[in-house]
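Let me begin by handing over the structure; questions about it come next.
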Amino acid sequence: MLYITRRETFNAAHRLYREDYDDQTNLEIFGKCSNPNWHGHNYILYVTVAGEVNPETGFILNLKTLSQIIQDTIIAKIDHKNINLEVDFMKGKMASTEILTIVIWEQLEDEIKKLGARLFSVKLYETENNFVEYKGEKTNTTI
Amino acid sequence: MLYITRRETFNAAHRLYREDYDDQTNLEIFGKCSNPNWHGHNYILYVTVAGEVNPETGFILNLKTLSQIIQDTIIAKIDHKNINLEVDFMKGKMASTEILTIVIWEQLEDEIKKLGARLFSVKLYETENNFVEYKGEKTNTTI
Amino acid sequence: MLYITRRETFNAAHRLYREDYDDQTNLEIFGKCSNPNWHGHNYILYVTVAGEVNPETGFILNLKTLSQIIQDTIIAKIDHKNINLEVDFMKGKMASTEILTIVIWEQLEDEIKKLGARLFSVKLYETENNFVEYKGEKTNTTI
Amino acid sequence: MLYITRRETFNAAHRLYREDYDDQTNLEIFGKCSNPNWHGHNYILYVTVAGEVNPETGFILNLKTLSQIIQDTIIAKIDHKNINLEVDFMKGKMASTEILTIVIWEQLEDEIKKLGARLFSVKLYETENNFVEYKGEKTNTTI
Amino acid sequence: MLYITRRETFNAAHRLYREDYDDQTNLEIFGKCSNPNWHGHNYILYVTVAGEVNPETGFILNLKTLSQIIQDTIIAKIDHKNINLEVDFMKGKMASTEILTIVIWEQLEDEIKKLGARLFSVKLYETENNFVEYKGEKTNTTI
Amino acid sequence: MLYITRRETFNAAHRLYREDYDDQTNLEIFGKCSNPNWHGHNYILYVTVAGEVNPETGFILNLKTLSQIIQDTIIAKIDHKNINLEVDFMKGKMASTEILTIVIWEQLEDEIKKLGARLFSVKLYETENNFVEYKGEKTNTTI
């Protein structure tokens, strides 16, 4: 069993807030990330796939294919977009790094299964100081 | 003559567009950066100051003071903000990295002169692949 | 279950040696790291916390709170200090990266439990070429 | 139980191809990596060892020794070499990052056992965007 | 006057040697870089262009255009290639980082002039420890 | 004219203070950097040499030679040392990054001249956020 990782990047705007909170409460809970005029990040995404080496090719899977799947499924829909307003797979969800990481996992999981491999980890850097990793361990909470 | 550099970071939303263009023209000229719903970046700012070493302290200037000036003059006004809508020193200007770099220079120049040193360079990374540097060389163009 | 990581940095002096060894033995075992006049590093600390997403906030925990805990519990006590001489939680211990990593874990574990989350990993870079990770797996050895 | 990691680098040429394929098939499967005139990379290698802290030294193992083992066993044989043509431990194997990672593990495993520690992970970066990790989980496939 | 920089990368094989030297002399002068079986690098290329801001667009030039020029003129011809054998603009030249940097400048200079800007610097990283910069300052030597 | 840069690193302890100041004054002027028990850094040193390409070798100078000179002249004397107490070329000088940068220049200048090249810049990173560059522009001040 081997783990292969592909790094991709995207730039997007977002805001942390709840519609059912007033501005003051949003500010208290989400701080400057609740700015109603948005802010943004250069996100760095690491997608790790687990699998066995195909002895014919020496590959777990073709990295160009993996990169293309991430491109089509995630990057094309989120790069240079507003995560709260424009990204179909984030509709109705909070635009925190935590939830974005889980949702990216959900978008990729089946696509990678089709390649005969298994999604192992999605790691998302919001800044050089903060990142979130999800390994598909389901929680009881609905997000 | 020595050159000392301080690195600071900020996260902000922006959009490249002209109000006097329609959406289609904005898209042609500015590409996905013209998205009306904004996108954003983790900007990295390098401020370089030139000066002589003070033989009493071994410093060109106190880096804590330099950092504080950048904080008060730039970061506090732009971090987690929308560059087009909320940043006083960018009011009425296009939010390109080029113009932002020049305007940051203009904000810092006099503050650093007051410290007895000279602003030498402002370098601004929009992404790991793109950055702009300004050294105060005036152009004829009005921005 | 998600994993969120916060990166913090500190600069400190230290020395690897045993008081019950003479200088020659210290030099043989610890090499140039045993220099009696100290040397130092820019340490980079990654603290990873495991938890479920709070559906109300979209957070595992508030990163500002996590950062403040690391600041109060670790950074304030070790940054710009001599690890062997001045850091209360390292008193009587060897200032190796291994032991420092374990001790940082011990300082943080309960503080993070109070937030309703679980400390998952402490990773400490001494240089760009060397780092240690501890995940709370107890050993039989007393350090 | 602690995990200590040493980072080493090497520069090498390689090519992805099968001798039993014609050039056209190699191009289809391996893309530009099949170039018969070779291309190359600055590989970055992370070797992670698991072990308990020796209370006498505060070390899991002496990092200088670990670095020397990686140097003698891997770097001296592969740095500034052609991986397909010149590296004894890659003879007859495909020069993919996946297989190289597994083979580096096999070269190091016993050497590290002799130090009283356990090889935990070999991670190999081919570029900043692609890397492979192996943790010794045996597959049924012969490579 | 502003300076805008675009970063691009390519992976290539090369060898340092002179045909009129025997292997022993090549080894003495060029060390392990003279390996007749080639080695390779992940090169990082920084192209800096000087110009004035176009007040209409806020740009010095369109970065997408600059990136495309570097892609067409340099990357497409050198990425995943053997620099000594396959790169037209390096034909008959030594494949040192110094000469490669100068030749990349020569390939780009006129293309960037056509955009109404001026090539200011070409910086080429061979490894994280070694890089060469050329600013078009002509030498008397013919390379 | 070309510019070639070599990166080297060293780890050292230091302290910012004046013997003719009391502890309180040292604390006011130098902040936590005045800690009498020392602190330390992973310094990163970039040495840039200017020269013409030797058409025989394709080199400005042999990088292995440049690296060896930096090793012998600087690194061997400062790595894992206390800059205030043990480094001959810093004797009687303040251990600020500014002064250390100038003094490293002075140590290297003649050695590089002997190679038929010219020292162009010494850049020294104290942390990822602070660095100083010196290009040999003499000041009137005696340090």
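A, B, C, D, E and F are the chain letters, set down in written order, and residue numbers restart from 1 in every chain.
Following the convention adopted for this analysis, a residue touches a chain if its C-beta (ideal position, glycine included) is under 8 Å from a C-beta of that chain, and two chains touch if they have at least 3 such contacts.
Since this is a predicted model, take the numbers as computed values, not measurements.
Between chain A and chain D, two touching copies, which fits better, same or different residues at the interface, with half of the numbers shared as the threshold?
Mostly different residues: under half of the interface numbers shared.
Could you give the separation in Å between the centres of chain B and chain C, each centre being the mean of its C-alpha atoms?
Using C-alpha averages as centres, the distance is 35 Å.
Any idea how many Å lie between the Cα centroids of chain C and chain F?
29
Give the residues of chain A that touch two or more other chains, as numbers and ranges in rising order.
128
Which chains touch, pair by pair?
Final set of chain pairs in contact is A-B, A-C, A-D, B-E, B-F, C-D, C-F, D-E, E-F.
List the residues on chain E that touch chain F in their complex, please.
Residue list for chain E touching chain F: 16, 18, 29-31, 93-99, 101-102, 128-135, 137-143.
Using the touch rule from the top, collect the residues of chain F that touch chain E in their complex.
So the residues of chain F touching chain E come out as 1-8, 48, 52-60, 63-64.
Which residues of chain D touch chain E in their complex?
Of all residues in chain D, those touching chain E are 9, 11-14, 32-33, 35, 37-42, 79-82, 85-86, 127-128.
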